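So, here's a batch of structures to check.
Consider the two complexes below, in which chain A is the common component and chain B and chain C are the respective partners.
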Partner chain A sequence: MPTPTLLQSIAITLIQCVLVVLFVFVVVPLTVFAERKVLGHIQQRLGSTRVASGHIGVTGWMNRGMWKWGRIPVLSYWRGIPGLVADVLKLILKEDIIPAKADKFVFFIAPAISMVSAVVVFAAISFVPGTFFIFPAWFPGLGGLPVSGGIADINVGLLWILGVASVGVYGIVLAGWASNSKYPLLGGLRSAAQMVSYEVPLAISLLAPVVLTGSLNFGEMAQRMATGTSAWGLVPQVFGFLIYLTCGFAETNRLPFDMPEAENELVAGFHTEYSGMKFGFFYLAEYINMTVVSALAAGFFLGGSWLLPFGLQGLVNQLLPADAWIAGPHAIFFVAKIIFLLFTYIWVRGTIPRYRYDQVMSVAWKYLIPLALVNLLLAAFVRCAV
Partner chain B sequence: MFKNEEMEINLGPQHPSTHGVLRVKLRLDGETITHCKPVIGYLHRGVEKICENQTFFQGQVWTDRMDYCSAVANNLGWAEANEKLFGITVPRRAQYIRTLLNEFNRLASHLIWLATHALDIGAMTVFLYAFREREDILDMNEAFCGSRLTTTAFRIGGLREDMPPGFEKMARKFLAKFPTCLEEYENLLSENRIWKKRTVGVAMLSAEDAIALGVTGPVLRAAGVPYDIRKAFPYAAYGEMDFEVPTQTAADTYARYLVRMAEMRQSARIIQQCLDGMPEGPVMAKIPKILKPEVNEVYHATEAPKGEIGYYLVGEKGSTNPYRFHVRAPGFINLQSLPKMAEGGLIADIVAAIGTLDIVLGEIDR
Partner chain C sequence: MEHFIETIGRNMFAIFGVMALGGAAVVVASRSAVHSVLAFLFAMLCIAGCFLALEAEFLGMAQILVYAGGIVVLFLFVVMLVEVTKAKEKEVFQLQSRYAIGAVLLGVAAFAAVFRKVIFGVASPQALKLPENLAQGLNVAQQNAQAVSRGLFAGYLLPFEILSVVLLVALVGAVVLAKTERV
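For the complex of A and B:
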């Protein structure tokens, strides 16, 4: 296999970036739609079955089209799908209001911080172990070059992920502060305390699989889990997984920990004063963060892109011809695991109420951090014993 | 070095969980409430004054629009206060049907309370489950009087019409499924750790405070005072009904939740008895076309879903309009206890406190 030149590797990385960003921007609207539908069925209703309203403009056109097709019973259930496009269009076209007394620069930069930190995390997440695909020989300039399953296959992937993800809290805090309004301020303060607190048990719970597998690299960990005898990391790390999931809910500000934007207390929390696409960025960032947390859970506890635990995958690989087990199924398994975890988010949201702010903090400091530490200690003992 | 300042914040009048246009002035130390003052009047329409300019027959329409979640209970109080003023005896069948509708209305009102209270605390599924059952009750309202919310269900002297055909079947069908629905809500909430954490020991109001502030209804009963006008001073057909007055002693939000859930079971029991023991006969007493009072004044109190709703009517000799009309609205009196409940708590607790008081601003501002 030829070694790529600097220019070629830059080109490959750019292609990977586009693919990953595309993935993110496809997954987010679908998650939003799935949330509407799944939540709807949990609550014994149908979820969204139409687009906006009215008969004029782009949404009107979509609406009429969907009604036409929607006469077919099965399709009528899916009439809400163009709503995904309509929602984004609405956010882009809405007037972008900056409050008169807001700190304009910080107000402007805060949603960008949230958004960028959410997307950049994906750099260290490899969707597929090893090579994702090889450019065909006819491809101009890049023929025969391999493309790996992740953008940056760095050996300190976990550190990168935690480091970048923790920048996201600045977006929320600064948004709350720059709005120069009382409810956003309360929301911003809450989120500062909450996200800083929950990062501690989150990181500790992620350390346990690291101890067990002996690697910080995302793809390598998943590989060792699936090919070794550790059963995806889920079986020895079931407590770690639950701690991680709980912290994940808190980090992404989802129920039951949606303190920063608790709508029944703080109206809309830190983004009360935001409108248009700036609000859209926060909205996107929340859903991207959910995807990130799910991807990490899949990678660290559910064997990443590997289907079978207990080293059984190796057997399957031997049975099949060598080139049958290519990137395709791997990527599908990985995405399927992410989708399952995203479903869990929606499921929890439909089921349980919201904690009070002080209770959220006591859950983190009194229960999750000690439990995560004990879990890490146990993992270390297991590692020494085996 | 650091300046320590309390933050003043307006909760409402446009806020998702003030149940309408209630405005609460809060002073916060961090997230702790140090001072709380409800400000009302955003929905004031002058219902009492309007009623003084209309005949006794016309006034009932306005009682619908006070507590719009329990219009039937308001109608009942109004009709009975007038009957007291004019000395009218209502036929027994009408009494039974009134009791039946009133209890259905109590269910509807409590379901609204459960739905919004749970939503305020973040349990959004209960909201839709409760509205599902309320829908059936509203359908029954519609079958009975053509209107779902502002019912104007009764007439002075009885009912305009008897139950429509099929109404009893609807009611029995609802009663058959309602216990399972209640269990469904309780499965989601009663033993839910987060629900308990948000409600146990939150927004306490002791029996002494409650009595001193004039609080009535489930809030008083959750403090251990078994005061229910249906039992204490029976009206309509309640004297002939066999039911219990559920009480709790904890006096917190969770106790009020338990009391209201138990009350819903008792209401279902009363409805069952009304259906089974429904007497035959006319539904309207013989009353003159124009009512002119002989007595000077009456005060008639009934047990609305939110507490004691009292109608004070002063008649003028020879006039077809009330000389003075006043409503003792349970929501208005109960709201007085909000500062007592909320001060010292956190900002999230005031949402629970407003929810547990079960206020409707239409009745508070009138």
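For the complex of A and C:
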């Protein structure tokens, strides 16, 4: 395999960046759609069906049939998908309003900070083990060159992810301040306190798998989980996983911890004054952050990012021949884990009511941080004992 | 083209350094406290870039995580609360442009004095080094985090622990000061 020159490697990195952005722009609308549908069914209604392709496609045909028989069309799971296009168009075309007394520059830059810090995290996450694909020989300039599954498989990947994700707080805080309005300011202050508090147990709970596997690198960690520590993927770390999930919910401002935008107290919290695509950036950033939290959980707690969870991989490798497709690491497992965790997000949102603000803070400082520390201590003992 | 990119890559440290200095200048010169904090954030991120350019990945990431992600957020938190007293803020924030020029000149001078080799000479930045007995079986240039942890927990454990006690003193002191009314 030829080694790329400097220019070629830069071009490959740019292509990877474009692929990541495409991935994001595919995953986010689908998550939004799934959220509407799943929430709808949790609350015993159909979810979004208004903008629907009711007259085309198989489901449209079946739905019309069911209406004709006088039944409510329960088959309408896919109805409402055109609504996604309508939603995106609405966000892009809506008038962009800047309040007269807002701080213009900060008001402009806050959604950008949110969005950038959410997307840049993906630099350290590798989607596919090893090589993603090889350019065909006819490709101009890049023929025969491999494209790896992650943009930068850096040594300190976990720290990169945590660090850049923590910069995302500024988007929300500055949005709240720049709007020059009461409720956004309250939302911004809340989010500053909440996100800084929950970062601590989040980082500590992520340290336990790091201690167990002994690496900060995303890919290397998955490898070590596959070879040495397969059974430690989730089972001994179940408390760590629960702590991590709780903190992840709080970090992404999702229910039951959506204090910065608690809509029955603060109108819409930090993004009350935002409209159009600026609001769209906050919206996108929230869903991208959910994906990132899920990807991290898949890599750190569900038994390595590209392997079967719960240490099943070791069992499969013993039972099946080595060339079975399920035997090796596979990107499908990674995507499946992410989808499951995104579903969990929606599930929890539909099940648990919002906490009060003081409860949110006391949960972090009085329970989660001590629990996470105990968990880390136990992990260190396990590491020393084995 | 290739040559140009390579030149940029070699001088990454100087580029980030100048950007960090620019951010620091805005911190002092800006009229709004929140803008100052934003510029401070920019400077902190650029300093992390400097560490990365020196191939000290762990330090760079810790810089982003601790300063950009933690400490500056608390700055912003306080500044947002203080912002309410507009008149006082104006008094404090309108006299500082000459201090700003002085501070920037001092910063540029210190920067040039420390890193004159990097800027004016051909010397490339030195890689991280550990004492021989600690660096055994470790590729220091590649395994940055491991090298730092060996230095901290094997070579210099006592100073490290003393430093953490000093930080604890600051923490306890802050709690005592904040709680005076209720005691």
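Methods note: the second predicted complex is superposed on the first by the 333 of 386 C-alpha atoms of A that agree within 3 Å, B and C clash if a C-alpha of one lies under 4 Å from a C-alpha of the other, contacts with A are read in each partner's own complex, and residues count from 1 in each chain.
To be clear about the criterion, a contact is a pair of C-beta atoms (placed from the backbone, for glycine too) under 8 Å apart; a residue touches a chain by one contact, two chains touch by 3 or more.
Source: prediction; values computed, not measured.
J.: Do chain B and chain C fit side by side on chain A in the superposed arrangement, or is it a clash?
T.: After superposition on chain A, which the two structures share, chain B sits beside chain C with no clash.
J.: Quick check on the superposed pair: does A:Ala137 touch chain B, chain C, both, or neither? Answer first, second, both or neither.
T.: A:Ala137 contacts neither chain B nor chain C.
J.: Pick one for A:Glu199: touches chain B only (first), chain C only (second), both, or neither.
T.: second
J.: For A:Arg354 in the superposed arrangement: first (chain B), second (chain C), both or neither?
T.: Touch status of A:Arg354: first partner only.
J.: After superposition on the shared chain, which partner residues are touched by A:Ala100: those of chain B (first), chain C (second), both, or neither?
T.: A:Ala100 sits against neither chain B nor chain C.
J.: Can A:Gln43 be said to touch chain B (first), chain C (second), both, or neither?
T.: first
J.: Report the closest approach of chain B and chain C over their C-alpha atoms in the superposed model, as a whole number of Å.
T.: 6
J.: Give every residue of chain B touching chain A within the complex, in rising order.
T.: 7, 9, 15-17, 31, 118-125, 127-129, 132, 188-189, 192, 194-195, 197-198, 346-349, 351
J.: Sort out for me which residues of chain A touch chain B in the complex.
T.: 39, 42-45, 182-183, 186, 190, 255-256, 258, 262-267, 349-359
J.: State the interface residues of chain C toward chain A in the complex, per the touch definition above.
T.: 1-2, 5-6, 32, 34-35, 38, 41, 45, 48, 57-58, 61-62, 64-65, 68-70, 73-74, 76-77, 80-81, 83, 142-145
J.: Please name which positions on chain A make contact with chain C in the complex.
T.: 5-7, 10, 103, 105-106, 109, 154-156, 159-160, 162-167, 169-170, 173-174, 177-178, 185, 188-189, 192-193, 195-196, 199, 216
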